[in-house]
Amino acid sequence: MDIRVIAPVTSQECEARAFEQYSAGARRDTRISTVLLERGPASIESAYEEMLAAPGVLAQILEAEREGMDAVISNCMADPGVAAGREIASIPVIGPAEASMHLAAMLGERFSVVTVLERLIPALRRCAHASGLSQQLASVRAVNIPVLELTDRTRAATALVHEAIRAVQDDGAHVIVLGCTGMAGLAGAVQQGLAQAGINDVPVVDPAMAALKIAEALVDMGLSHSKPSWTDVGATGSGV
Amino acid sequence: MDIRVIAPVTSQECEARAFEQYSAGARRDTRISTVLLERGPASIESAYEEMLAAPGVLAQILEAEREGMDAVISNCMADPGVAAGREIASIPVIGPAEASMHLAAMLGERFSVVTVLERLIPALRRCAHASGLSQQLASVRAVNIPVLELTDRTRAATALVHEAIRAVQDDGAHVIVLGCTGMAGLAGAVQQGLAQAGINDVPVVDPAMAALKIAEALVDMGLSHSKPSWTDVGATGSGV
Amino acid sequence: MDIRVIAPVTSQECEARAFEQYSAGARRDTRISTVLLERGPASIESAYEEMLAAPGVLAQILEAEREGMDAVISNCMADPGVAAGREIASIPVIGPAEASMHLAAMLGERFSVVTVLERLIPALRRCAHASGLSQQLASVRAVNIPVLELTDRTRAATALVHEAIRAVQDDGAHVIVLGCTGMAGLAGAVQQGLAQAGINDVPVVDPAMAALKIAEALVDMGLSHSKPSWTDVGATGSGV
Amino acid sequence: MDIRVIAPVTSQECEARAFEQYSAGARRDTRISTVLLERGPASIESAYEEMLAAPGVLAQILEAEREGMDAVISNCMADPGVAAGREIASIPVIGPAEASMHLAAMLGERFSVVTVLERLIPALRRCAHASGLSQQLASVRAVNIPVLELTDRTRAATALVHEAIRAVQDDGAHVIVLGCTGMAGLAGAVQQGLAQAGINDVPVVDPAMAALKIAEALVDMGLSHSKPSWTDVGATGSGV
Amino acid sequence: MDIRVIAPVTSQECEARAFEQYSAGARRDTRISTVLLERGPASIESAYEEMLAAPGVLAQILEAEREGMDAVISNCMADPGVAAGREIASIPVIGPAEASMHLAAMLGERFSVVTVLERLIPALRRCAHASGLSQQLASVRAVNIPVLELTDRTRAATALVHEAIRAVQDDGAHVIVLGCTGMAGLAGAVQQGLAQAGINDVPVVDPAMAALKIAEALVDMGLSHSKPSWTDVGATGSGV
Amino acid sequence: MDIRVIAPVTSQECEARAFEQYSAGARRDTRISTVLLERGPASIESAYEEMLAAPGVLAQILEAEREGMDAVISNCMADPGVAAGREIASIPVIGPAEASMHLAAMLGERFSVVTVLERLIPALRRCAHASGLSQQLASVRAVNIPVLELTDRTRAATALVHEAIRAVQDDGAHVIVLGCTGMAGLAGAVQQGLAQAGINDVPVVDPAMAALKIAEALVDMGLSHSKPSWTDVGATGSGV
């Protein structure tokens, strides 16, 4: 199957990293392709930047469907353009936040999300509420490292482990969700760090992989999102 | 005080009608000014069109603050750009959906929203959930008249009365919220229609007036939204 | 418009202070008048005292309507007599707790209430639940100063700032609601205290002003509470 | 043990009927005594009348404790004076609505309440919410017979059966709660009526008996309500 | 009346202790009889052991009904076999967890459960959720003493008091529920321990006594669980 | 990868059908193996039969892990033995109900489950509540065909389509979940039936396929359930 991953930013490095990570996680019969935005923010750390990214993401979702993709992923924990994308496209449109939170809810009684910046906490809490998972959400925590500095993997992993331990010990989390797709690839390191602190068997969910696996599952099952839930506007919207 | 009303569309007629209605409802010491978007949708009846409108709305919110407005209203029941606008502006940014639902919740045990199209129902239900008012929401109904045809006031009022009666009798609503700012000015007619059907003392909330009165209230109290809830991105975002 | 404020106690000082504060906050076209109870408690710090106050408040609500008032406020954070008052009167009957919590919910994701005594905490939590705002309530805290000692404004402000800081830092509050109408007028001082502790942009809601502004808003909109929600008993009840 | 039942009205007939019914349902080792109010409403069918009854109920609760009663019941589905009574008394203060709804929640997945008048529906819904039983409440229905006309037992039973059948068939109720203590003694007739309609094994809860049995249970266990939940005002309140 | 208590384990000591405690708490007109399982776990501290116990419990529930018992109690905080038992039996089938949590919810605004082992915490939280009491649950805590070591009553009481104090002070509990039927008989000691720490009027609920008293109440009222809620499978199931 | 499917019944036909359906839906690199129970019920249509099946399911879960399986599925909509199985095994233990409801919640705003018998409705509602998806559950409906008669595929499909249409039109469902693993393979027919009734774009989720795809996803991600959520009892339980 063909899965298109949209890096909803203008940074080629982000797109390259997404291609690498999704390709590594994809099944053998899954072809990953990635695109970025012509115009948009450098990174998404606010509703404001999400809004700036949205028109470009929507154009790319339409393009993915036109090219015959089987599913499309908006690769950011704000799930930018996902709701609107489901109105204009018929193929599955997947957001990492929604996918990873539902997976986490299946893995344990209560999960915590560890994201980049304090200021993203309310938005992630709202996402859990909107997904009906308020009761399963133990907490949202932040490592206070901006997205673009996550390239320092050691620093990022150390900070993630620190907050994940607090999520388990102080907030009663049983599952950890990495709260930024820029953290993709760090789940193993966090798992190890938890183990070194004596915390075993607390799964760590990589949101990019969650999005990919849910996309593969839906394509296998021949399913896409329900149109009555997302107002079918067809291709009649004013041209993007 | 100075309140800026953004018509988040490109239609001059919409802006003109907004000016008229808000001016009629404003206190004597409130000056209303309106703007529309240079680029954007003709009307907003989907998340897709809301996304298309958002960049323009954000630019107008920044402009309103720059011009010294005391508060700004995004005049559409999708509250387009409101969350992102609260990140970039310090003055109150008001959305008619949130304002009218909270007012309705103070007026009775359960309210119904009557909007334009079926396809907007899920989005309005999500808004009630996001505002914490799930339990107070009796139903969302639609008159199946597109926004741009609401100019036929008689047809609109008749359809609204019909659905409002069903909301009261079938869904147990105690308060009616008009579910589109294009319905501004029709609350009286709906109230009368309900009375003719023997339904008295069921208040009908006009969402534009709700937004205006909440804006006036906040300005009087010297209050604006909480920054920790909407991630302060200051003026540092990439220029709109 | 004419707004009647009922001081639901027997203390003339309370009534005088209410008159002063409401008059200071009212719009130019709003006339404030106040009354107190002939028989009732000195202050309301329990359901017991609320019960003692209720018959007097109900009599005053009927009197306010008879005199042609446009709205009536029961000036206590227990909203004493408000539910019963809505049954017997047609004009808006406003309670500061309900009004301030809904305003707070519009201003941020989570609010805390800071009230006078520990023993009032459960009742304020119940009020948030009854208003559908459980999820938005971060905490209720107490300064442990009885209502009648709030006259020492410096002590009250210091204690309020202390608890407000803890609400923000420990409980994750984004908005503070002053939890007693005896604290009216202290919102500015609390805001300043928060700022001195480095906490900016956390709005502080004065419940008396919230009640007043919601009352003004409803009168402007020609709205009153829904009768089906509060069982119309007309004037036929046994004489108060 | 000694249980005092307060008929929170002024009608001697109500008190007499309460004495008869409670005595019939009491254990052999339970002594029932009843009192009525010197001043108060003839019946309670509104928050307004509940307020009128409250001072008298509180006085009777204090009196019951003074006389050495083991528990006291406020015999009305509005649970009048129960919250305030728990502040001033140390013995268990029981309300039929709370007791019967919790019992119903133990007997099945979803219960409906069938009460006297439409206008009491919102208040009973609020009681279910306040007890945390929103999800278990299938519906509240009314037979449209005023309390004082429930003396016509045949008419009352017929109407109750009719609404109970609708609650089961239309609202999916698995348990029926009689929604007025004036209906005490009719549970058997309603059960029979349901059986004649082919509905078996749907328990019908008599709220007066529920209150009595919970009172007996608490006295047996040596338990009373938690003071931290209802603000201990001791005997220091201004004399009733 | 005749109440059968099933010790859902194979230990004769457990059965003997249950007989003693239930007999001590029963009304004079209640005859207690106890049984244990022929095959099953030594104690129940996991869903796994609950599953192992279930077939034996179900057989004993059928036997209790066959012998003409008025009600049957599955004496373990996991309520093992209760849901399935309600399908096959018509007499009341009572579980201590459900009974004690509902009683606790009537006694105060928020309760905490103090159980034996950490690993039982999620299951007890799920029980509160399933009973609709999520909002009333302040916390679940563990003393970290296995069921079979609760025979050391002094150690058990000391640990229970320690955690109960933390539940009150740190988690805001107003009521304590002992979280294991092996703790039956310790409520008084915990109450005393709380009092010595200056915490008065926080009721401590013994789950075995709660189950017994609810059983007695239902038998008195002639009520049993609703069949539509627990799928009547009659005696047609494959023989146990 | 190797996935073991447990048919939690004694019918060889059920096992054979499970093998066929899972094999048809599995990825090329997934090896499906199936087992049935030596002792247990013929079908599971009650909590009683679920209890009878559980010991056998637990034995098979342990056996699957011993044989090196990567994941194990308990192939019944009651998710029998899943909670207990997660305590004793480290590999993912998947239940079709939980998996299909979470997938449905990602596909639309509200889903309905259509199951075999009326009497299973409360249990499936409880499953949705336990998964935190109460708000997303539009309804549970039944076709009134016992599991063992689902072999008449035409009759089953016709009845499913009938109830699915009612779920969409009367209950407002946007997604349909087939409520019995015996309905596996019928999703396409139901989709077609909906389309013939003019209902397009309402996805129909096959619970067996949902379980399989979630199993494959978790194995790919190297994740299993959180041990703190399901009380690790290791291999120390008394031998099954």
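Each chain gets a letter, A, B, C, D, E and F, in the order it is written, and its residues are counted from 1.
Convention: a residue touches a chain if its C-beta (ideal position, glycine included) is under 8 Å from a C-beta of that chain, and two chains touch if they have at least 3 such contacts.
For clarity, every value in this text was computed on a predicted model and none was experimentally measured.
Think of each touching pair as a link: the shortest run of links from chain A to chain F has 1 of them. If you lay the C-alpha trace of chain A over that of chain E, the rotation comes to 120 degrees, to the nearest 5. With centres set at the average Cα position, the gap from chain C to chain E is 43 Å. Centre-to-centre spacing of chain E and chain F amounts to 31 Å, using the average Cα coordinate of each chain. Residue positions of chain E touching 2 or more other chains: 109, 122, 126, 129, 134-135, 174, 228-229, 232.
Chain contacts here follow an irregular pattern that is not a line, a ring, a star or a complete set. Of all possible chain pairs, those that touch are A-B, A-C, A-E, A-F, B-C, B-D, B-F, C-D, C-E, D-E, D-F, E-F. Interface residues of chain F, counted against chain A in their complex, comprise 25, 27-29, 90, 98-99, 102-103, 105-110, 131-136, 168, 174-175, 200-203, 205-206, 209-210, 213-214, 216-218, 220-221, 223-229, 232. Interface residues of chain B, counted against chain F in their complex, comprise 122, 125-126, 129, 134. The touching residues of chain C, when paired with chain A in their complex, are 109, 135, 174. Those residues of chain C that touch chain D in the complex are listed here as 41-42, 45-52, 54-55, 58, 81, 83-84, 87-88, 117, 119-120, 122-123, 126, 129-130, 228-233, 237-238, 240.
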